[in-house]
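Sharing a structure here in structure tokens format.
Per-chain numbering from 1; labels A, B, C and D assigned in written order.
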Amino acid sequence: MIQVFNVVKMYDGSNPVLDNISLEISKGEFVFLTGPSGAGKTTILKILFGWESFETGQVLVQGINVGKLTHRNVYTLRRSMGFVFQDYKLLPNKTVFENVSFAQEVIGHDQKKIRFKTWEALKNVGLTPKKDAYPAYLSGGEQQRIAIARAMVNSPAIILADEPTGNLDPDIAIEILKLFEELNQKGSTIIFATHSQEIMKAGNHRVINLNRGKVVSS
Amino acid sequence: MQTLISGYRTTLSNILSNKQTFLLSVATITIAISILGLFLLLFFNLNGLLSSWNREEQVIVYLDDDISSSQKENLEDIFSNNQQVESTIEVSRETAWAEFQSNVSDNLKPLLSLEFNPLPASYKIRFRSSDNRLSHIREFSKILETQQGVESIEYGEEWISRFEKFMVFSKIFLFAIGGLLSLGLILIISNTIRLSIYSRQDEIELMLLIGATPRFVKIPFLLEGMIQGLAGSVLALFIIGGVHYYLKSKFQSSIDAMGMDFQFIAEPFLFGLIGLSVLVGFMASYISTFQFLYLLNKK
Amino acid sequence: MQTLISGYRTTLSNILSNKQTFLLSVATITIAISILGLFLLLFFNLNGLLSSWNREEQVIVYLDDDISSSQKENLEDIFSNNQQVESTIEVSRETAWAEFQSNVSDNLKPLLSLEFNPLPASYKIRFRSSDNRLSHIREFSKILETQQGVESIEYGEEWISRFEKFMVFSKIFLFAIGGLLSLGLILIISNTIRLSIYSRQDEIELMLLIGATPRFVKIPFLLEGMIQGLAGSVLALFIIGGVHYYLKSKFQSSIDAMGMDFQFIAEPFLFGLIGLSVLVGFMASYISTFQFLYLLNKK
Amino acid sequence: MIQVFNVVKMYDGSNPVLDNISLEISKGEFVFLTGPSGAGKTTILKILFGWESFETGQVLVQGINVGKLTHRNVYTLRRSMGFVFQDYKLLPNKTVFENVSFAQEVIGHDQKKIRFKTWEALKNVGLTPKKDAYPAYLSGGEQQRIAIARAMVNSPAIILADEPTGNLDPDIAIEILKLFEELNQKGSTIIFATHSQEIMKAGNHRVINLNRGKVVSS
């Protein structure tokens, strides 16, 4: 499903941010990605998503050679994936409902299906009462849950979640983890970047540990 | 098609969620197009004024008192064969004398006691307006002078040449100012639309990240630019219409006295204005989104 | 003072970190002020043209052949006491006859054989231009007519009235268009500055949150608006100068023939343009920041 | 130092977000503020900061009656406080160094002092190597640490930290906690909103527990 071979990524030409990384994640797997701040977790997720280039190496996602994608066809890759951005990336001028439904409009679903699935996703993260609020009027944790709902709403084959529970209290964090596990049960492959020992303990899945751009344990 | 429909929906919701910048852009376009339109209005009316002055005779051909009718026919043939002659009026000796008598100024009154009519018959000729009218009149006068039966030719060379120069001057200025004005306002409109798109970089980036095709990203912005152009220009036409109506109701009487009518911008130009505005909206959006997509991809 | 200095530093770093929107705003202002300036150029030159036409005599006072010198003095007193008379030229009977002989058109040649000089001496009077010149000339003529020694008064009522109307018409149009143009471009400039400030709402909010005084927040934006206005108008003056230079070098010869010079915008207006632009920059920034602060506080 | 009496805060006129809250925090204290997502933690910090109004009740901070402040003089209150925003609020057009020094320029410090203190603050959060980077080019945890550096740089009498370690790995989180404790030792009063049990255990300070706008335990 996801294969990463000897990938090197440098931002400024000197220090590699990813230093000859190799990984393999099979279809239907649930893995935690962890490591200290600045280790390269977000960078590797971005590479899988076709959002960052890399210097050397090979990346295959669902048989697609990510390094070869151009900006004209990268959307084919992204439509099969959901990304929970570390900084949420909610549109401030759209309501909660619109933010979530927007993700489906963009890939051309029809309006009825959109309403239904948006509603479903908001229910999953416990935000139906806030559906008409603008992001600025929500608490940090509520915003994070919209970002999660948006990444899940298309039931993508792969979900890349970048620190999706950083602003959530332990109870809700565990619930969100369960949500990801349900999706995983239904067939989605999940990569879950997190710092939280509690979450990793509760999840009991394979843990990939990064440090300074290298895989320390996997 | 599917993309267009959902692009249309997205455009609407974009406009609604960025009301303020949308309205500021439309206001700017409205003002810019109003200025262009008012300039066109000025242009059309000055043109009307100038061409009403053109109505006056420019050459008088005085005839020998003993001109034969075949010589007269010859002259009339020459007039009618000349493409640039607009009209000719024949003035008999009697008419000329009567006119002179009624118009004569006090200090020439003694002349009225003359026992003979010193005035010849004449043709008054009016020429079509054209760029080289003056030189054409000169040449034409030379030909006429050599014709039999022609006593002399009179044309207000000085006045005509001054008038022609004024026309040239006005035209240079109107075209120069008009051209620069159009260019300037087009640049302003596109700058404004670009500024309003600048504030939406995050949105463009997010759309691409969640799997939108580049075309899906562009279409709502292009539509929005075109809607801005359309709305701005239609509002502008109302403003221009209002100004025209006001000026007309206020100054029609004094304009009437000059023998002309307050004209509105000709229809093709009205549609031209709208078209221009929509086109500029489209182009500005196209260039800005294209630029963003390009920058995003380089990153 | 301290606030001003650090406000100045902040302004510079703001401009540097928002180069693109800053440049777009300056470009818009440059274009808008160029348009205004070109219009002023047009205005000054048309004005020059119109007033060169004004140089011609408007009233001729014909004198009795047997006028006494005290009557003449009386007339000259009347002329010199009238505020609106710009100049008078005395034309003796002999000069008038000589002028007539050289100017007479062919068809009036028979008159030249007259044994007496039918023409009277006269004064040619030129009036200052003013809005009610025509009615003033009418009144003045009535007074003169009753004076002893005056044979008759001639003034080209029709021509003067047409010319006056043209002047009025031009002035209405120039002022109307000029006024609307200025207003429109001022609105465009302020819209542009507001759009560019709109993209910085977060910055304003953050500054207030980390303890800036409202004045500290406003000053850099006000300075930035003024700098935009200054930069835009100075660039615009270069453009206007360039256009003027081009038109002058290209068309001076044909303008010369009309007895006038290609004028540049008068200095006070140049400084006026710069001042206006800076003021608009200031006002637009002031209103936008004020609005934000107000909205933030209401929230 | 900080006294909150019977404060009620409603955003939309129906459900109170803060429901008759009363608190007292003395000078030099270090308290944790915790509670589930949407409990009202951020709201109460905002009120202390003069950033949100409230319906009824009294708030005194350093003897200042916060409810009576107008937008013209609220800056006097804020200059004695540092706020670590839950969403960082970094300016994208300024570098790391500029973001931190900006907080001092705004209150009118002189340039030399600014350079020195900015440098100091960046060293404390371990970000000197990134000082010329723009926020968009930093990892989530690095951005969070800039926000912390900016809140500390003026050595304010009170620091309100809203979930300052949500995006940090446990090791760095504990270091940051120590940093706050050092400042506390030097006299700053600190309110530290967090979801993390580990941080609260490591800190061993008084914990105020909010739930649905009420103080559950204190």
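The criterion applied here is as follows: contacts are C-beta pairs under 8 Å (C-beta built on N, C-alpha and C of every residue); 3 or more make two chains touch, one makes a residue touch a chain.
Values in this document were obtained by computation on a predicted structure and should not be read as measured data.
Contacts with chain C and chain D are shared by no chain at all.
Note on connectivity: the fewest chain-to-chain touch steps from chain A to chain C number 2.
Each chain gets a centre from the mean of its Cα atoms; the one farthest from the centre of chain C is A. Our note on geometry: chain A versus chain B, Cα centroid distance of 61 Å, whole angstroms. We define each chain's centre as the mean of its Cα atoms; on that basis chain A and chain D are separated by 28 Å.
Separating the centre of chain B from that of chain C, both taken as means of CA atoms, is a distance of 23 Å.
Note: centroid distance chain B to chain D, computed from Cα atoms, is 66 Å. The residues of chain A never reach two or more other chains; the list is empty. Touching of two or more other chains is recorded for no residue of chain B. Viewed as a network of touching protein chains, the structure reduces to one closed ring of chains, two contacts apiece. Checking each pair of chains for touch leaves A-B, A-D, B-C, C-D. Interface residues of chain C, counted against chain B in their complex, comprise 20-21, 24-25, 27-28, 31-32, 34-35, 38-39, 42, 45-46, 49, 62, 105-108, 110-111, 118-120, 151-152, 154, 161-162, 165-166, 168-169, 172-173, 176-177, 180-181, 184-185, 187-188, 191-192, 194-196, 198-199, 243, 247, 251, 254-255, 257-258. The part of chain A that touches chain D in the complex is made up of residues 11, 34-38, 41-42, 86-87, 137, 139-143, 145, 162-163, 166-173, 195-198. Of all residues in chain D, those touching chain C in their complex are 49, 51, 71-72, 74-75, 78-79, 81, 83, 85, 89, 91, 93-94, 98, 102-103, 105-108, 150.
Of all residues in chain C, those touching chain D in their complex are 2-3, 6, 9-10, 13, 17-18, 202-203, 206-214, 216, 293, 296-297.
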